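In what follows, structures are represented as structure tokens.
Next, two complexes with chain A in common: one pairs it with chain B, the other with chain C.
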Partner chain A sequence: MDAITVNHLRRLYKSTDGIIKRTTKEVVAVEDVSFEIRQGELFGLLGPNGAGKTTSVKMLTTLLIPSGGSATILGLDVVKDANKVRPRIGFIFGGERGLYWRLSGLDNLRYFASLYYVDEATSKKRIPELLEIVGLKGREREKVEGYSRGMRQRLHIARALLHDPEVLFLDEPTMGLDPVGARELRTTVKNLQSANKTILLTTHYMFEADALCQRIAVINKGKIVALDTPEKLKENVQDLSVVEVELYGIPQEVIERIKALDFVVEVSIENRDQRQVMQVHTPKGPEAIPVLVEHLNGLRIGRIITREPTLEDAYVRLVGGAEQ
Partner chain B sequence: MLNRLTTNTRIFFEGAYYSYKALFRWLRPATYLASEVFAPLTMMIFFVYIGAYASGSNSASFYVIGNSLIFAASSGIFGVTMSVGGERWSGTLPYLFGSPANRWAMFVGRAVMHVLNGMLGVFIGLGWGILLFKLDLSHTDPLALLLTILITTFSTSGLGLLMGCLSLITRNVMLVNNTVYFLLLVFSGANIPVGDLPRWMQVISQGLPLTRGVACARTIIDGGSLADVLPLLQVEFLIGVILTILGYFLFKIFEIEAKRMGTLDIF
Partner chain C sequence: MKRIGLNLRIMARAFEIELRQNMTDGFVLFGILIQPLIVAFMALWMLKGKGPDYAIFVVIGSGMTGLWTTLLFNGGNSITGERWTGTLEPLVASPASLRVVIYGKVLANVTQSLLSMIGSYFLISFAMGYPLTLTYPGLFFLSLVISVFSLVSFGLILASFFILIPDFARMVNTLEFPVYILCGFLFPIALLPGWTTPLSYLLSPYWAALALHGAAQGTLEPLQIVGTWGIMAFFSLVYILASGRLYRVILRKARRDATLDIVGN
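Moving on, here comes the complex of A and B:
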């Protein structure tokens, strides 16, 4: 049986403006999303900002009522059976909010354990185990306001696991973490999957999805634009190479000119401190470099390399080369 | 079934304790003294002297008792509302509503600490009255007064629960709270005898919590017995029960509304 089924899920937001003459605007956050997640699967939902990832997760975690479509968790409808769904799922949203900063980590866990009907004996046993798993043992009596961002994020994970849920929703769990913290958290997520939890992970980081997820759905402008294993998604760009050109300032019209070249499939720009890295997807490989350099005439150019495409390149091709 | 009941009782009391500790821990001794001991004193002085000036009477007890009970309303309205609104600021509302916890235990439990705090506020007010305005409690039945304070704090907390529900759909609930609080200052008889108000205002006064509580406290401090005030106290209690039940149902409705509008995590 599938742990999660999503059928044509849709969500609109209404916003009003004006004092006397009120105008109402409708924004489509999720247009049409459908997918299934098998029990024990680690499934990734990837997409740019505003693509509809968090809105989808909120609907699946009973925090938002869909405007259309339906979804089930372990066979239970997320709207009609919300009360039965809640004890069987755990969820975390990225960022530092959602904890009581003036309470200790231990008090946070105790309180949430009671909200999830974890009896006192189980709670006394499980909380130290979870603190051990997320690496907060010894720091649990300190107030959360003194925790680092990574510690807070790990406390979130412990909170989500208090009632031993079968299904976990992790919405950008590594957002804002330093590389070491993010790596530790990824190990925790991997271990959870080994414990047969069904996990829906949303992330911006392609390497993270590539390393963790068995299948990935790419969502853009509220719609699923691709759904497959990381390997299959990468196959979509196997016919291409990526030429990376390091630049120190590139005007928009130059980008547009390069995009218009007949051998260029996609162009994306990544900002790295003072530099930009222009990534050109092309079937020509290194042969494209002289023509590109010609178009970049007059600009300060740094390193130029050609490489094999990654999952990130597949993603960029799917969602368009928006600036990252 | 019994296990569920025990756990809901646990949510009720643990929720009361942890939510107070989590959201009101800024109330360190110094801030507590400033906001709960000295600020009420200045308010009491203001009304005692302005009342004496306006009425020409030198009796301070009318204003001392009225304003002491107002402190209960302050804790009931602002404290309880903040115990829901504070969740929005800390970003914990989605996690509360994503949990299977019984909403009654979670919501009503939050009023417990504020009822206790409100009662303490009344005692502090009466204490200032004894120290500074020669309030005479020698004819007072202490148990009857305690019961009156408890019931009045409960009924104003019911109003706080009702106001707290608004926190689920808006972040600007404090504006409404302030209005309601000032309405109580005028309509409850704390500072102006209800009988001196225009007829239409008297009708509103009778529908509010606190009005009967203030009247009962004055009667008891003047030497009245519990039997004298029992009918009024029963109505005050009933108003508290109605407001709490209304608050609970509004909480349920606004929970659904917040999920429909997507306002649970705006702050």
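Moving on, here comes the complex of A and C:
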């Protein structure tokens, strides 16, 4: 049985403006999302900011009512059976909110354990185990306000696991973490999957999805634009090479001119401090370099390299090469 | 039966968490410990020479104003606080009943405020050598306990609006003084125009003030005091029963309108 099924899920946000003459505006956050996640699978939902990842997760965690479509968790409808779904899922949202900062990590866990009807005896046994798993043992009596961002994120994970849920939703769990903290957290997530939890992970870090997920759905503008294993997604761009050109300022009209070249499939720009790295997806490989340089005439050019495409390139091709 | 036990545990934990959070907040501590001392000192200083009956009326009346303010600001604002900390969503998405959690939080705020005010008045009156005599001490303390539960049940209804409307904290300012006046905290409602009387009767804080004033000054017979308890119990029951439906409707609307993660101004 699938742990999660999502059928044509849709969500609109309405906002009103004006005092006397009120106007209502509708924004489509999730247009049409469908997928299934098998029990014990680590599934990635990958997309740029504003693609509809968090909205989708909020509908699945019963915090938002869908405007259309349906979804089930372990066979239970997320709207009609919300009260039955809640004890069986755990979730964390990226960032530092969602904890009581003036209380200790232990107080936070004890409180949330009671909210999930975890009895006192189980709670006393489970909390130290979780503190050990997330690496907060010895720091649990300190106030959360004194924790680092990574420690807070790990406390979130412990909170989500208090009632030993079958399904976990991790919404950008490594957002804002330093590289070491992010790596530790990824190890924790990997271990959770080994414990046969079904996990839906949202991220916009390609390497994270590549390293962790068995299957990935790429979401853009509220729609699933691709759904496959990381390897299969990469195959979509195997016929292409990526030429990376380091630049120190590039006008929009030059980008448009390069996009219009017949051998160019996709162009994306990545800002790195004072520089921009233009990534050109092309089947021509290094042969494209002279033509590209010709079009960049007059601009300050740094390093130029040609490389094999990655999952990130597949993703860029799927969601379009907007500036990252 | 098991469900009741679990809910009582959640309520107790919410009560404890709210108290512990308040104890680490300098602003709340000032409101709970220092402000009542200042108010008590000023009230009793002004009443010097007016006689013990009048003093006890003002002591209870100003105590009730403090209780109402606590209910309005700390009780309701605890929901606003949950929005600020981003914990409202985890609370709503947990299997626990939000009503039970909020009841525990409001009870914590009201109890804390009440104990601090009683302490302040006894301390200041003792320091100033001012007698605070109660006509029916037993009935007074029972009235106090029933009043707390009645006010907390009222607070449960009030808090639901903080869930529905992220900016509700700004609107509550307008509710502070009308309730002081309509409930006869500081002067009898007989001084108000007749058309306001039915409004007073609909507010449980009015019956709480009546019971407390009556038991302290002896202006009500014991049976009449018991009558006010019955009315408070009736209102509490109505509030609690109504809150079941109200919270279902409000939480559904908040999930539909996506207002749970909005931080009000």
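The rule we apply is simple: the second predicted complex is superposed on the first by the 324 of 324 C-alpha atoms of A that agree within 3 Å, B and C clash if a C-alpha of one lies under 4 Å from a C-alpha of the other, contacts with A are read in each partner's own complex, and residues count from 1 in each chain.
FYI, contacts are C-beta pairs under 8 Å (C-beta built on N, C-alpha and C of every residue); 3 or more make two chains touch, one makes a residue touch a chain.
Quantities reported herein were computed from a predicted structural model and do not represent experimental measurements.
Once the complexes are laid over each other on chain A, chain B and chain C cannot both fit and instead clash. Applying the stated contact rule after C-alpha superposition, one finds that A:Ser241 touches neither chain B nor chain C. In the superposed model, A:Ser123 lies in contact with neither chain B nor chain C.
By the document's definition of touching, both partners, chain B and chain C, reach A:Leu64. Of the two partner chains placed by the overlay, neither chain B nor chain C lies in contact with A:Asn220. Contacts of A:Arg86 after superposition on the shared chain: both chain B and chain C are touched.
In the superposition on chain A, A:Thr282 contacts neither chain B nor chain C. Residues common to the contacts of chain A with chain B and with chain C across the two structures: 13-14, 58, 61-65, 83, 86-87, 91, 93, 95, 97-103, 107, 110-112, 114-117, 159. Chain A makes touch with chain B in their complex at residues 13-14, 58, 61-65, 83, 86-87, 89, 91, 93, 95, 97-103, 107, 110-112, 114-117, 119-120, 159.
Chain contact summary for the complex, chain A toward chain C: residues 13-14, 58, 61-65, 83, 86-87, 91, 93, 95, 97-103, 107, 110-112, 114-117, 143, 159. Residues of chain B that touch chain A in their complex: 3-4, 7, 10-11, 14-15, 18, 21-23, 25-26, 90-92, 94-101, 106, 256, 259-262, 264-265. Partner chain A is touched in their complex by these residues of chain C: 6, 9-10, 13-14, 17, 20-21, 24-25, 85-87, 89-96, 101, 252, 255-258, 260-261.
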